[in-house]
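What follows is subunit A paired twice: with subunit B in the first complex and subunit C in the second.
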Partner chain A sequence: MNKKHKSISYAKWGYIFIIPFFVVYIIFSLIPTLSTFYYSFFNKGFDPVSFEEYEKFVGFDNYVKLLSFEGGTNRFFSYFGNTMIMWVLGAVPQLLFSLLLAVIFTSARLRIKGQRFFKTVIYMPNLIMAASYALLFIGLFSDVGPINVLIKAISGDTFRFLADPWGARGVIAFVNFIMWFGNTTILLMAGIMGIDQSLFEAAQIDGASGMQVFTKITLPLLMPILVYVAITSLIGGLQMFDVPQIMRVSDTPTQDTTTMIMWLNNLITGASRQYGMGGAMSVLIFAVTGGLSFLVFKTMVTSPDKVKSKKKAK
Partner chain B sequence: MDTNYYNKTGETKSQRAQITTARVFSYIFLGLVTVLALFPILILVINTTRDRFALQGTFSLIPGTSFGENMSHTIYGDNDPNSLFNTTQVPILRGMLNSLIVAGSSCLLTTYFSAMTAYGIHVYDFKGKKFAFNFILIIMMIPTQVSSVGFVSLVENMKLMNTYAPLIIPAIAAPAVFFYMKQYLESSFPLEVVEAARVDGCNEFRTFNMIALPMMKPAIAVQLIFAFVASWNNFFTPSLILRTEDDLKTVPILIQKLSSSVLSGGADWGQVYMTIFLSIIPVVIIYFFVSKNIVEGVALGAVKG
Partner chain C sequence: MKKRILAALVASAAVLSLAGCNKGGSSSSNSTTSSSGNTSTDASTSSTTSEPTVDAYAEAQKAGTGVFDTAGEGKVFNIWCWNGDFKKYVENSGYKVPDGITIKWNEIPNEGGAYQKQLDAALLKQADAPADEKIDIFLAEADYILKYSNAKVTQDVKKLGVEQWATGYDYTYKAATSADGVLKGVSWQCNPSAFIYRRSIARDVLGTDDPDKVQEAIATWDKLDEVAQKAKDKGYIMFASPLETYRTFANNSKVSYVNNGKFATHDAFNQWLDQAKKYVDNGWSLTYDLWAAEKAAQMDVDGKMMACIGPAWYFNFCMGTAQDKTPGDWAICKGPQAHFWGGTWLLAAEGSDNPKMIADLMNAFTANEQIMEYILKDANEFPNNKNVVKKYAEDPNFGLAFLGGQNHIKVLGDMTDDIVWDTALHTVYDQTFNEDLPNNMLTYLNGTKSKEDAMKAFYDKLDDVTGGSIAHD
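Entry: the complex of A and B
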């Protein structure tokens, strides 16, 4: 059968089937990416007073401006700092919780019942609109909301979470934590189930304790997937936008919860449409993300057996 | 030999006691985690039924009777100039319809064209095929945000600001969905099927639409749901594109508008909770029916991390 269709070439159909994808990708992603890079070398924007667009080549000026300190402060670094702080506050407990949950769910000794129910429940927040979830938490943590009703009953005073820099960052990190720990748990479970089960059985026969099994077998063999999960979470964290944008705290004077992407959004949609500056900002974010993606790629490639076993896990 | 044999007899009494303790703690922990995930939603649902005056500084787990009233304040406003809140309506129903149009079209385009691209690369041999595949793998990791300056300026030049086209058409090129479809084809689509169809005189396009697509149903179902939810929840792109036309605003944009009025004080919390409730209810209903497939899909790496 293989011989037969050699006479007719179907190659052109291959092109026909992949053309729509590439045409749309080139128009709506590739060209915008390249023009973003291009604009980063221009002072490009819109003067809201004279209603005129301007575009002037300035070389690396935008980058210099982004990375230099004026009067001891630098917006790019402080927004990068905010983003990282909120990511760490959410991601560290998320990884610990998820790891513990994944171990509990996959333990042959514990034989947990109702796994489907638990997994369904903990994954649900991930599908809920982040914007709505953020608004819900504004409600829960507001001065008149349930959390403050409790705090007031105990201490007699309300705590203005969203007006306090660390309070607001904490709430944002908490929302991200609740939204993502279910997802991470499921990924780690798939990883653990991909580990050769005979290793666990052998350890059990040898009388290893639960803790020993975890530190000597589960953790080392899960490491590549743990690294993958952590880095993809970091890449997602660098793009943090929805939750802090909704929780944008009008009454904190310093912008302690402004993230990089929030600023980028502001540069683009603001009245003066600073595309040049926005472009330079995008290139920097691109570089950081690209570096991290490369790390993910390397960890995946250098441990092919583990990746394969992850796929097999389902 | 049966491994259970060891499990049952290999455990001493003290080991068994240890496991029981561990099990008790595990269930307590799982209970706490369940509360963590469900409690916010539970409070949301209860609060939609409570009176808006009661929502100012009291807290109760007992549902009230003001669901209809809150709903009417959300959809129509309260039409009472003497009211403490002077609530104006939230065009949430219109927003939901808008989101449905955008998310519905995007998810259909994403799944159809991703399946088609994956099929093209899986079934045919052509020059540059390997390059095309690797190219898609590489771009999969690039976050969409970094091209947003160029994207907005392109959309402005195309005179497509404040339209749905820039939210829908780019859905045709979805690298992550393509990758999932490709993997699915590799695992469960034998090329003999195509050969057989050719022998029967079926043309290539028809083979894809009539034979391959139905065979890809499980993968398509999972991706339809993920793509719908992702587009329904998408806040970043609409916030760049839908800026002036109020009638076109999707749900997340309305939520943002509402949140800024909330933060400026004097919110009608009955209306706020009701709007949140309406914004998430379609996804929760979908999830209720297909949670099994979704959780399995996540385990397979269906979702971009």
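Entry: the complex of A and C
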């Protein structure tokens, strides 16, 4: 049937069907992106004293301000640091844990029963809004919440997670971990199931151990999916906003949990609405995201080739 | 199943978080529709005193009865607000909207500055907006009212027929007056902030829960310290938050935070910070913020918190745990120093096509005593009308069940004369000074950060808000 359709040229319909996407993309994504670049060269905002909007071309001033070290500190880099710390704290355990789960679920030897059930359960946190999830965890980790009731029963004293720099970062990373490990697991499972089963069978017949199968077959062939997961996770991590924004109680140390996007949000929602500064900030985040993604791509994608060449050498 | 449990947890977390509700109160009031269905005020028309203001007041008492001439008025009256409270009052207080005019409410939640952002944008485009979409009245809070009252986007309401009634509290008018002396709006409420204490703990610590005797025991800051130590000896804490007394100090400051374009902490702030540190270090106060779930938990049956500080809207709308679990075990007294906290004002937008309706609504919600009685009795707020306050303050049978039958109007009414508002001390960034500044001090007060680091975090926030237009150390 498919072949029959392909033989007649319906190509133009293909283009027509994707027009809506491009229209929506140009209006809601491309134009705003370009205008962000444009306004990053302006001092644009609102003066609440005179109640007037202003807009003035300033060239690269906004970028200079963002990247200069005034008094030995730079807020952009320190917030970038916060973002990366919280991303690594959440993403590394998440990747390892998801990989383990994916291998267990797809293992022909183990044949886990009730797979559908487990898949649904681990994916569920992702279905809940990040905001509700963050609120839930504020309750769980508050001084009167269940976690502290447990800690108090054991140690006799409570630990105020969200008021401690590392406690707050840890809880934020943990929430991101819980929310996303199910999604990653399912992606990795799909990746593993895409690997030719005969390779696993051959390895088994040759007497390879589970660990050998994992390091010699699963991991190298899973690399493209792993790269995809790592890069999407990195992009998501650099844009971390909702969870740390909501998991901020008044005594949370802001200098330790503010992410780049949270600062951007502060700039454009503050009384003086610094859109120009926000634009420059967005462009920097764009550059950082692009650069880091490229780096991850380069370092991870070369490795399967190395594996292949090793194999050939053998 | 798991989802259901999660949903229940999420819901409970949401409820906990709601304990920190918006200033101006939430909708949890148990008010019923006003009994004053018939709002005719014939009695007042007979007054023939020679003093012109009294005549004007008698006339103004008829406001809100829907009888003004609507010729030339726009068909749609637009009110911008951030919650449904005022809408509820307008609809239930007996206020009659004149025939031919409908009120359109535009409710934008306050969170993340969304309300002010959209309001500012709309006000800037007011001149080009179609008549039916022009903003007529919008609501503003004490912490940012100056931004609007000083700007060209609001108009002189005296020209529209609104007076500065002698029955209103002076500071509520000062707060809505621009730096050059033009009245831009009014408020239906007045917000003296009281010392709210737990009766059972007061009995244990002081041997009495009588408001007069408790007031005597805590009449000065030094005396409060002594009581705090006594409370600690008995296993209680005076406050759950060191921010509790911030407004008392800050709103009585004689100096502004900003002088010649530069921010500096003033004496009142430093006094507060020293006191707050002392309370935390001595174990007299916990280190939570004003809206923390942990503070609410201290209002529960086994809670140890002796007191908190707040106006009528606070104990009626924001002490949910106490309202549910320990009603009747609370009382109020003046506390060491009188002050106000919060408040919502009605401001008249420039370019409105309903000038008569603006005057009618503003007069109704200040001078119409039937409506103001609704504000007091049904809406559980403290009305901006001395006649109504006097009537209820002198009524021996009037009281709040939550406060064990205490007549809160009498206590709050006695505090109103000491409230001060000096426009010269306020800035358009008051919200940042009154919320972000003390909140950022919590990391210093709980010992996580040094005072310098805590201050640095606030300076960062200040830069974000002001765009660097206000200098600091």
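To be clear about the criterion, the second predicted complex is superposed on the first by the 261 of 314 C-alpha atoms of A that agree within 3 Å, B and C clash if a C-alpha of one lies under 4 Å from a C-alpha of the other, contacts with A are read in each partner's own complex, and residues count from 1 in each chain.
Going forward, a contact is a pair of C-beta atoms (placed from the backbone, for glycine too) under 8 Å apart; a residue touches a chain by one contact, two chains touch by 3 or more.
Just so we're clear, the structure is a prediction, and the values are computed from it rather than from any experiment.
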Combined model on subunit A: subunit C and subunit B, fit or clash: clash
Partner chain(s) touched by A:V144 [first = subunit B, second = subunit C, both, neither]: both
Contacts of A:S29 with subunit B and subunit C, given as first, second, both or neither: first
In the superposition, subunit B vs subunit C on subunit A residues touched: B
First (subunit B), second (subunit C), both or neither touched by A:G270: second
First (subunit B), second (subunit C), both or neither touched by A:I18: first
Subunit B versus subunit C as contact partner of A:R75, first or second or both or neither: second
First (subunit B), second (subunit C), both or neither touched by A:L100: first
Partner chain(s) touched by A:V121 [first = subunit B, second = subunit C, both, neither]: both
Which superposed partner A:D164 touches (first subunit B, second subunit C, both, neither): second
Offending stretch of subunit C which, after superposing on A, collides with subunit B (from 134-142, 242-250, 314-322 or 368-376): 314-322
Set intersection of subunit A contacts, subunit C complex versus subunit B complex: 121, 124, 128, 132-133, 135-136, 138-140, 142-144, 249-251, 265, 267, 269
Contact footprint of subunit A on subunit B as seen in their complex: 3, 6-7, 10, 19, 22-23, 26-27, 29-30, 33-34, 36-38, 40-41, 43-44, 47, 55-59, 113-114, 116-117, 119-121, 123-127, 129, 132, 136, 139, 141-154, 166, 169-170, 172-173, 178, 192, 195, 198, 204-205, 208, 229, 232-233, 235-236, 239-240, 243, 251-252, 255-256, 258-260, 262-264, 269, 272-273, 275-276, 279-280, 283-284, 287, 291-292, 294-296, 298-301, 303-305
Touching residues (chain side subunit C, partner subunit A) in the complex: 2-3, 6, 9-10, 12-14, 16-17, 112-114, 116-117, 120, 123-124, 144, 147-148, 150-153, 243, 287-294, 297, 428-429, 431-432, 439-440, 442-443, 446, 448-449, 453, 456-457, 460-461, 464-467, 469
Footprint of subunit C on subunit A - complex, ascending: 45-51, 53, 75, 121, 124, 128, 132-133, 135-136, 138-140, 142-144, 160, 163-165, 249-255, 263, 265-267, 269-274, 277
Subunit B-touching residues of subunit A, taken from the complex the two chains share: 1, 5, 10-18, 20-22, 24-25, 27-29, 31-36, 38-39, 97, 100-101, 104, 107-112, 116, 118-125, 127-140, 142-146, 148-150, 162, 178, 181-183, 186-187, 189-190, 201, 204-205, 210, 228-229, 232-233, 235-236, 238-239, 241-242, 245-251, 261, 264-265, 267-269, 275, 278-279, 282-283, 285-286, 289-290, 293, 296-297, 311, 313-314
